[in-house]
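Quick one: the structure is below, and I'll ask about it shortly.
Lettered A, B, C and D in written order, each chain numbered from 1.
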Amino acid sequence: MIVVLKHGVPEEKKIQLMNWLEGQGLRLHISNGEFQTVIGLIGDVSGIDIDLVSSLDIVDSVKRVTEPFKCCNRKFHPEDMIVEIGDVKVGGGHFVVIAGPCSVESEEQIVAVARAVKAAGADMLRGGAFKPRTSPYDFAGLKAEGLELLRIARKETGLPIVTELMNINDLPLFEDVDVIQIGARNMQNFDLLRELGTLDKPILLKRGLANTLKELLMSAEYIMANGNERVILCERGIRTFSDYTRNTLDLAAVPMLHQLTHLPVIVDPSHATGIAKLVPPMALAATAAGADGLIIEVHNDPIHALCDGAQSLLPEEFSALAEKVRSIRGVIA
Amino acid sequence: MIVVLKHGVPEEKKIQLMNWLEGQGLRLHISNGEFQTVIGLIGDVSGIDIDLVSSLDIVDSVKRVTEPFKCCNRKFHPEDMIVEIGDVKVGGGHFVVIAGPCSVESEEQIVAVARAVKAAGADMLRGGAFKPRTSPYDFAGLKAEGLELLRIARKETGLPIVTELMNINDLPLFEDVDVIQIGARNMQNFDLLRELGTLDKPILLKRGLANTLKELLMSAEYIMANGNERVILCERGIRTFSDYTRNTLDLAAVPMLHQLTHLPVIVDPSHATGIAKLVPPMALAATAAGADGLIIEVHNDPIHALCDGAQSLLPEEFSALAEKVRSIRGVIA
Amino acid sequence: MIVVLKHGVPEEKKIQLMNWLEGQGLRLHISNGEFQTVIGLIGDVSGIDIDLVSSLDIVDSVKRVTEPFKCCNRKFHPEDMIVEIGDVKVGGGHFVVIAGPCSVESEEQIVAVARAVKAAGADMLRGGAFKPRTSPYDFAGLKAEGLELLRIARKETGLPIVTELMNINDLPLFEDVDVIQIGARNMQNFDLLRELGTLDKPILLKRGLANTLKELLMSAEYIMANGNERVILCERGIRTFSDYTRNTLDLAAVPMLHQLTHLPVIVDPSHATGIAKLVPPMALAATAAGADGLIIEVHNDPIHALCDGAQSLLPEEFSALAEKVRSIRGVIA
Amino acid sequence: MIVVLKHGVPEEKKIQLMNWLEGQGLRLHISNGEFQTVIGLIGDVSGIDIDLVSSLDIVDSVKRVTEPFKCCNRKFHPEDMIVEIGDVKVGGGHFVVIAGPCSVESEEQIVAVARAVKAAGADMLRGGAFKPRTSPYDFAGLKAEGLELLRIARKETGLPIVTELMNINDLPLFEDVDVIQIGARNMQNFDLLRELGTLDKPILLKRGLANTLKELLMSAEYIMANGNERVILCERGIRTFSDYTRNTLDLAAVPMLHQLTHLPVIVDPSHATGIAKLVPPMALAATAAGADGLIIEVHNDPIHALCDGAQSLLPEEFSALAEKVRSIRGVIA
């Protein structure tokens, strides 16, 4: 860590700070420049509160020399991580397509959609059994029954299942779920993340609506530091002033995350845009940007079919998209 | 709910939609204008997915006529709610000042700060025992021991205590806490909110970094719909492009929330700005904007005292501020 | 325009409003529903201030039935507009690659870069002669001399030139420039836009950092309403809380703009990200999202070459990128 | 300027960079720490492109030791600047209230509002003659005639006039305007700012919707560096995801700007919120935050009076507000 002091700081305040830093068990490397003093801290700085030191009125700024994340840091893991779910692989050149309905509604629905997306080339099935809803009056999912229907669809198609967990106490129900999804609203539910770190199961971690890439990585770090290294990151749009889509899909996060971490990064164009017509172009764009996979909503019910589903594709639309995705993979891989 | 159809929609699609809506148990009131058809939905619309209907390609827009929140809606509760915590009252003309350190660190510290803020006129004591931290490697609070130290400080000063809960499973430890604080990151932890609805204890609910006022109210609704009406809202800054403060304090939320809801609204200028020097002007501004209270960080430890504490005031700074706050209350009340 | 009144509005206020609306020369179509009154306004509503009417305390909301833009509205121009610059075409299936240095620095530099990008397949040459700079102390471009050097590079390579205009009074110097670029900061410089409407020359209009798509279209409308229909839109990133790139590239704007307008839409991945390594993936993503072209910074000078240029590619990097772009065009076209 | 190199940089690249920096006329102060090399640059660094150096792949980060603004920097001007407009003073303890209609509409209107706001204690009259409008089809102001009507109102009341300039070429019409206002959209119209620097007239400079405080100060610097030091800054809301007000009023900008600059800072609560009911609480909050003044919209026309004007107060509302503002000034001054 490097502490840059302000110009013209009184000598006694400087000494007070240096004594305090040494009292924390650090060695100091002082460099007196013409304009400023720079103090290099040598030793274990993990106990130093960077915000506190930054706020001292004699301090101009503080810089970490090493990133605060280790387990998910590309520097220490130069090779791409490949997460395996049965025969399915994600990362390190392996591209995954996850598809399925927003909510699991009935056996008929989930099996039909699972068959359709499998035929179109999907690798895994998604479907919500526990649904986070802004309003307490809205449908919150079929819960345990929904998980049961997903298992049936898995049995019928062989597709591994991906579904969202919201509450630590529901974990026992998720024992044979293939990939546990953590939604944007729970990205900083730290107790939940810590618990996921004790599992032997891949975690799909979605970026929060207002979270930076560093915060996303620190949340992955919570899981990995507890022993579970199988984390897949997911960009799904951030909240901005722009109002024509539900969120703003931040695709530059894909190559940037690839630079920072060895974890696979997939993209959810359905939730990011909230508009079915924008899903195919954004899915293709994510693929071209180098994403390791896509998670896409597909439905088969009549009211959606009557018109445009809010953000879901019809099976035939998904199928046409999946083919173009494969062609773009051919160009960039 | 009002559904406005697009101009020139084919008659058959219109009929398909109307049949579907009637199938949901609604009566329809059709108004054919020169430019558009407007369908009024009469009956219980709570089961209608507004996003889905909006997305239909024959629909121009959908408007709710009634807000989706009821328990916390000013329309149905014209009188201000007054939340009582022992002798302390918040709302309906009663202004509350909550003060204390960021984290509970030791008995000596918390008792000293509690005494100092009481002397300066604080009504309640705050202090973190369970701390949400972006990094898994950072200090996460003294936990149960911290709660114990808060109880000691309460015994010494008589100040009710306010402290943050992050995990449903820790609830038993919070039994004799006076006010449970829910932090910004948990504002949409819906299972936690639902559980809080079963308690007979005031909840201090902080606005999330990227949440709209409607979302904040819907989260209050989760608690209230489950039976606990004693909710205090807290504005503590939102995430924007502006980078000189940690967050952007959105003070217009105070009068706007007062228009929408009868719940008390307090402001946290310490976390919003993250800079001690900005805390007094923002505390005064919040008071002038009509807030029902303030929650402010105060510390007494030497490294903070050496310089500016990151966002905490010294007891004497807090005392001077509290006096000005009372004068401003005199002007606007 | 549709005006929805609030529930339970006093009859006399309703009548006052209706009289005022009729006084503006409109016919009214009233629809009294169970919950609300909806007033349809028939006639020329262009003189009605929608913000004013929305703000009336008896009004719940106001909706425009027709968009406020006409000249650039896809509804009235279903065919893609193709903008021609000499032999170069943009839009309607024609993809354009514009490349060149950030600033024109010397004859040697601009001619060398122009030759290199031409060899790699660029269709037009970009280069700044007038540079908007946040600081008055920074280099603001070679101005008239820079334009002269661009003309030399055009003569040497045959590439049409694209360069930024900041000030109406400089227009005479731009007479033989092929495409005038209007930067993000001038997107709402309305007097400048109006003046551009009197020219017979294509305009490259960049989206402002905090502007919605509607505002971008209204700015195009300023130019087109004055007679100049040759407008090319450009997405170049918006300002958000996300801090790892200079701006957040909003690629969903590309398909959304294609839905709203018949104008061509290109993307600037260099300014959006500000980081050279992110330019190729974002250029490929923009192509896959259906953009009608790219504008990319390319440099050839030694300090850039020593390391990574901030956001500029080397000619050989650009050349490799341009080839992949063509392959992706092959997939999606 | 301090350049921090990455860990483990090859010696030859380090030397190449140092040679290049010395070639720019700088002396270097090298400090080799255990983890990193820090290079202090001594001499005139104004010609160094900080973005370029930051982007070099051997560079970890670059920090300016001195802010890039000088004329408006509090460090070099510890005393508050007091801007005088006739007998009216702003800054250094002098509080100014500017009020008037959004647009100048007629002699009758502007004179009536001017008289009303003067009676309520306003110090200056505002009113738009040239109006920036998002749509080319909207009313853009009475222009020269509007300026003439403002002069009449000034003659009738003695109030100095404040009005917006959008175009350099209109400057001759503004010769006897007392304060020229530069709107949010023109905050980075650098040629316009430079021209204002040649005038002997106070400039009211509004913060742009997506501009940081540093950018606002750099724009003030454009004016001041050209010789005109009489700049008044104005916070008027920024663009965020929050959607219940037109913009988010960033009141912490007031004390922060006071720390960074000696220029007066006023607040516009009318444009920031766009909602009349929120104007009084936000005006009081701005006063309590330490603003040096307010600029508030006041109207007197019947359609506004019938109901709430979108964002304008009635004269009697303004009068009640002005009195409370004076009381709050009494508390904080």
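Keep this in mind: a contact is a pair of C-beta atoms (placed from the backbone, for glycine too) under 8 Å apart; a residue touches a chain by one contact, two chains touch by 3 or more.
Keep in mind the model is a prediction, meaning the values are calculated, not measured.
Chemist: Chains in contact with chain A and with chain B: which ones?
Modeler: Chains in contact with chain A as well as chain B: C, D.
Chemist: Most remote chain relative to chain D, going by C-alpha centroids?
Modeler: If we average the C-alpha coordinates per chain, A ends up farthest from chain D.
Chemist: Just give me the whole-number Å value for how far the CA centre of chain A lies from that of chain D.
Modeler: Here chain A and chain D have centroids separated by 39 Å.
Chemist: Could you please state the distance in Å, as a whole number, between where the Cα atoms of chain B are centred and where those of chain D are centred?
Modeler: Their C-alpha centroids are separated by 31 Å.
Chemist: If I count partner chains per residue in chain A, which residues reach a count of at least 2?
Modeler: 210, 239-241, 243, 275
Chemist: Looking at the complex, which residues from chain B come into contact with chain A?
Modeler: Spelled out, the residues of chain B in touch with chain A are 13, 16-17, 20, 46-47, 49, 51-52, 54-59, 68-69, 132-137, 139-140, 166-169, 185-186, 188-191, 193-194, 208-210, 215, 218, 221-222, 225-226, 239, 274-276, 303-304, 306-311.
Chemist: What part of chain A is in contact with chain D in the complex they form?
Modeler: My answer: residues 2, 4, 7, 29, 31, 33-36, 38, 40, 42, 60-61, 63, 65-66, 239-241, 243.
Chemist: Please output the residues of chain B touching chain D within their complex, sorted ascending.
Modeler: Residues 210, 212-214, 238, 240-245, 248-256, 259, 272-273, 275, 277-278, 281-282, 284-290, 324, 327-328, 331-332.
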